[in-house]
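Let me begin by handing over the structure; questions about it come next.
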Amino acid sequence: MSELMWAGIKAIRGKGAEFKQVEIPRIDDNHLLVKVKAVSICGTDKHIYNWDPWAAGRLNPPLIFGHECCGEVVEVGKNVKKIKVGNIIAAESHIPCGVCKQCRMGNMHICDNLRILGVDTDGIFAEYAVLPEIVCWKVRKDLDPAIASIHEPFGNSVYVVMSGDVATKRVAIVGDGPTAAFACGIAKAVGAERIYNIGMQPFNLDICRKMGADVSINVAEDKDFITRIHDETSGGVDVVLDMAGNQPAIDTGFKLLRKAGTYVMFGIPPEPVRVDISDYIIFKGAKVIGVNGRKMFETWYQMSALLSGGMVDPTPVITHRYPFKDFLKAMEMFALGTEPSSKVVLLME
Amino acid sequence: MSELMWAGIKAIRGKGAEFKQVEIPRIDDNHLLVKVKAVSICGTDKHIYNWDPWAAGRLNPPLIFGHECCGEVVEVGKNVKKIKVGNIIAAESHIPCGVCKQCRMGNMHICDNLRILGVDTDGIFAEYAVLPEIVCWKVRKDLDPAIASIHEPFGNSVYVVMSGDVATKRVAIVGDGPTAAFACGIAKAVGAERIYNIGMQPFNLDICRKMGADVSINVAEDKDFITRIHDETSGGVDVVLDMAGNQPAIDTGFKLLRKAGTYVMFGIPPEPVRVDISDYIIFKGAKVIGVNGRKMFETWYQMSALLSGGMVDPTPVITHRYPFKDFLKAMEMFALGTEPSSKVVLLME
Amino acid sequence: MSELMWAGIKAIRGKGAEFKQVEIPRIDDNHLLVKVKAVSICGTDKHIYNWDPWAAGRLNPPLIFGHECCGEVVEVGKNVKKIKVGNIIAAESHIPCGVCKQCRMGNMHICDNLRILGVDTDGIFAEYAVLPEIVCWKVRKDLDPAIASIHEPFGNSVYVVMSGDVATKRVAIVGDGPTAAFACGIAKAVGAERIYNIGMQPFNLDICRKMGADVSINVAEDKDFITRIHDETSGGVDVVLDMAGNQPAIDTGFKLLRKAGTYVMFGIPPEPVRVDISDYIIFKGAKVIGVNGRKMFETWYQMSALLSGGMVDPTPVITHRYPFKDFLKAMEMFALGTEPSSKVVLLME
Amino acid sequence: MSELMWAGIKAIRGKGAEFKQVEIPRIDDNHLLVKVKAVSICGTDKHIYNWDPWAAGRLNPPLIFGHECCGEVVEVGKNVKKIKVGNIIAAESHIPCGVCKQCRMGNMHICDNLRILGVDTDGIFAEYAVLPEIVCWKVRKDLDPAIASIHEPFGNSVYVVMSGDVATKRVAIVGDGPTAAFACGIAKAVGAERIYNIGMQPFNLDICRKMGADVSINVAEDKDFITRIHDETSGGVDVVLDMAGNQPAIDTGFKLLRKAGTYVMFGIPPEPVRVDISDYIIFKGAKVIGVNGRKMFETWYQMSALLSGGMVDPTPVITHRYPFKDFLKAMEMFALGTEPSSKVVLLME
């Protein structure tokens, strides 16, 4: 008889989740078994919990969800080359096929056969998880497991900021959620001259300010900030990092952008958006860069420097920590928004 | 009493143009006088002739219009450093200030104080024109003046194609006007593996084919080309060059683009366009580049190689040649579209 | 009892090679078996045959050498994902580990644990060879096997030329061996305006001219070509591709290079070289790029367009074709240089 | 009769300098007159003072030398467009022609007709100086004139660091003079993870440490640092910034560099250097970038962010401040090295 573990499970095609005991999974030659230490909750997990149209179209319950993790390797398959039992790892959530054109061109993050942990396969809201070696990233043994668990979303922000090439630049970061907050810290660490953070939630704007935003703008209250920033920057910011992804964010972002500037798109608009291509992109001679996931594995090396190297302290973003046994309570708080929160982490011990 | 010359003039705020004698202009120390040999007609000149809303909002008649020229330098001001009497020149139409941030950053083509020849100042539908040295580009004495005169629009296409980095790539060129036709020739010359040209006018598609398009697609007749191209290219073209700039062109272009591809926007949509930012840009990890004008003067060095170096023969695009005395006849044909045409050139001799 | 095959073998630590029957190798789950159709001979094979100091320091005989191949897949291991029995493949000769930092950063060609086919493992001077899937590249079934076999060295030249970004540029290609000849053809195909080929062997210079060199310079006879090229190019060539790699080549290359130009180093000097860093690199603001191998697999996609897409015809470089049974004769001719030759191919049928 | 001013003058072809009164120069329409507030002394000024072979081959005395300045504009010619009387400026020392190929390609810093302030024309060891508008850069009125005067050498370091793209990288800065010290501060400000500073002078190494070096290595004492750094970085540093420029520096730098790393060459070796091109550049797949001067004017915008924006405090590098009347004393101290010093500034008030 197999041993059991606790897991957070999307059990049925509908709202909610379950927290129950299931069998500990077994590895084959090409995988390794991780004892999970911490797992943070992503906005995607909220979509899954709330069973929105995207989730309904993509997931096949029952499934263990969750994909932002830190754990200790407790067993390795015989084809595993480098990772050893005892290593502490964070995990990339994108599992690439390794043989398609995108994988062969160095774009594993947009693999043609991509499977996402906790979406297309069992994830890591669980005491144990099975992972392929390719997605495992060794981290410092003494790194706070909560910090280690947020590598994945932090990596989104790293990819975004590095795509914007922000050193010595004036940067507008549109949005105030966790990836925007991380982006403030990263942009500051890699030499942005001045960071304008455009958001709506005082609770979140405050976190962004702690992370490094120089100027906080609450669009609900401040009506003439576009003109003011144009004046201060003599023509607009050099770089816009759009972490929000909606019609007003995009209009705001492009209006703030100077000629020959760079606009990085990360926030995902739920539907098509009207774009004044002439004024926003062509006459400005602007460059627009679409970003999703993390570059595998350039972004992870950059992350190591930033997190393990101590260049950025992400703790202001981690607003909530729960013991794993309170999984349902944490999910409910986060999914229903009963408290203001940014990054929520579940800790196994 | 001054000497007189013939000129094509936007005389009043309304449709049409005049062809009449005016005084030959005089230069100051910082300018040079050019005896025009050939001038080609731009789509912009059609807007001016037809006095559309853009023209009505920008121009102050009376004004000599026209800006795509070849001429011989007949007089130089004493501060002119390099251009000599007797040089044959083509002209950049964008006159930069030289001291703004964009000029100082190497982006003279989007100068904050840009003046456009024949739009903001007297242009070159005339026997003589006054130019600042900065916009004059020496060309081979034996180059056909008609070819020399089309440097300016050809340069748009050069900037577009070089922004797309097309060598060994599959390229979709959306649009079939003169800049699309030039782009076909340039993309072929710099090593595109395969050029798909998407247009609507059989007359124009035929010119693009002569210039180098491998596959011509008439969207009016061919309904399943997007699927077909995806199959042929195993996932979409590497690069889209959008020379059309309208809602269907943009939808077509992004649907044709593969993941991690590059989309160059040159065609100017007259109004905002709906863009499915998630599927078109973010999930694809696409790069979008806005292009206008010509890089001053990197693009001109590239043009020299392509035109003076004989790498591209643009003659299939030059569908009409008129003597300058037939200016009004040529403008009317072009502006009213009484004949199918691509590039129309007026010759002084 | 196993079946036998003929193979070209470095049997002892000393000059020469043997041609004899050995057992056909067997695959495991992660490999595939290829029936070799054609194999071309590399300069490296000459070093191995002649047992020069590099070979003596690197190889452990007995070993089947040879690494430039075309073959048909006749058996696949169960973990092979994409390659099928019946596929015709060319092979990358660099076998990467897949897990080191360079592999994870998209630089498999400089993997920390690189093994080279026919150098560190048994190669493909044989009727059958065992390969890992990662190095197999499907080619068109109807491609001449001789052409298919030269993908590997052709790919060196592709990586070199693409690193030089030669479109619309004046390019000096220093050297006249097979990779220089390929580079001439590739540079022409991707839009070099003018190719100056600098060599020493009339036989080879002639091949380079057939491949696309515009100007052939024999340094043994032409003493003032540097001045002449500077005059013709108004200050030097835009790009130097150094396929030779020795003191005079490097002095020549840098003297030909214009300010802000790009120098691609591929030819491997056998010992340190004196470089006038001030005049050659710093005052010129030059960029120097070291190239070896092929980018895995960006270069291979480019190669597909160039070879399978028919953009370059490499046949002038293939000066000799031998039946495989004449292996020793071909090796001797090539290694001792008894005839002028460029690329020598062995054909199995 | 004209008014007089004090100036530091290279009066004769030989060692030394003079400090005497000369006429205040007059401007024409294209220049402006600056009342100098501070001027810092460059290593080049030492070469001029000591009349070394470079100086003897380049300069035509008598000449006011000096080129690193801060001043107030007191008169402007009528063709000056943007700079106004009362502006405080720092000056670019490279005066470009504006019409050569390099200037037209955005490389004014390597103009074919470059004249250097205080070398090819009268410089700014003087109470007043005449400058063309193009080299004047407005700075904050309240910026310490000593800091404002060091824009020019600081800009060298900015160009070097930005060429190295150091964010999240491990960087070796070879050399310990003022440009190396500035580079330490800049690399730290734009997000280098770890800076190894390799030098010889404890006085200078200490300044570099104050500016941001994480690890100071004195090559005179530390014999196994190359191995140690390779171990710490798992294969070498990502970027080398060579501010020294001599045989041991270059050997050290390349040995420290990891595969696929970037080597920026700024220090000027007085004679050719032996370079192991195979191991240092080709097998590593390294990129080498030659840097001199400052990009005009991208580097200046970056400098504004760093100095006026307060991202870097350069004061530890300014080891000596003299009143201008002590010009000869300061020059002698600096040129003869009678005291350890880094940056020496002369102040007019």
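Miscellaneous remarks
Per-chain numbering from 1; labels A, B, C and D assigned in written order.
Keep in mind that, in the parts below, a contact is a pair of C-beta atoms (placed from the backbone, for glycine too) under 8 Å apart; a residue touches a chain by one contact, two chains touch by 3 or more.
Keep in mind that this is a model prediction, so the values were computed, not measured.
On superposing C-alpha atoms, the copy chain A sits rotated by 180° relative to chain B, to the nearest 5.
For the pairs C-D and A-C, the count of C-beta pairs in contact is higher at C-D.
Per-chain Cα centroids separate chain A from chain C by 42 Å.
Across the assembly, chain C contributes residues 101, 105, 301 that each touch 2 or more other chains.
On the side of chain A, the complex with chain C involves touching residues 81-82, 97-99, 101, 104-106, 133, 296-298, 300-301. Within the complex, the chain B residues that touch chain A are 101-102, 105, 107, 109-110, 112, 234-235, 245, 250, 259-260, 265-266, 268-278, 281-292. Taken in their complex, chain D has these residues touching chain A: 162, 167-169, 189-191, 193-194, 301-302, 305-306, 309, 311.
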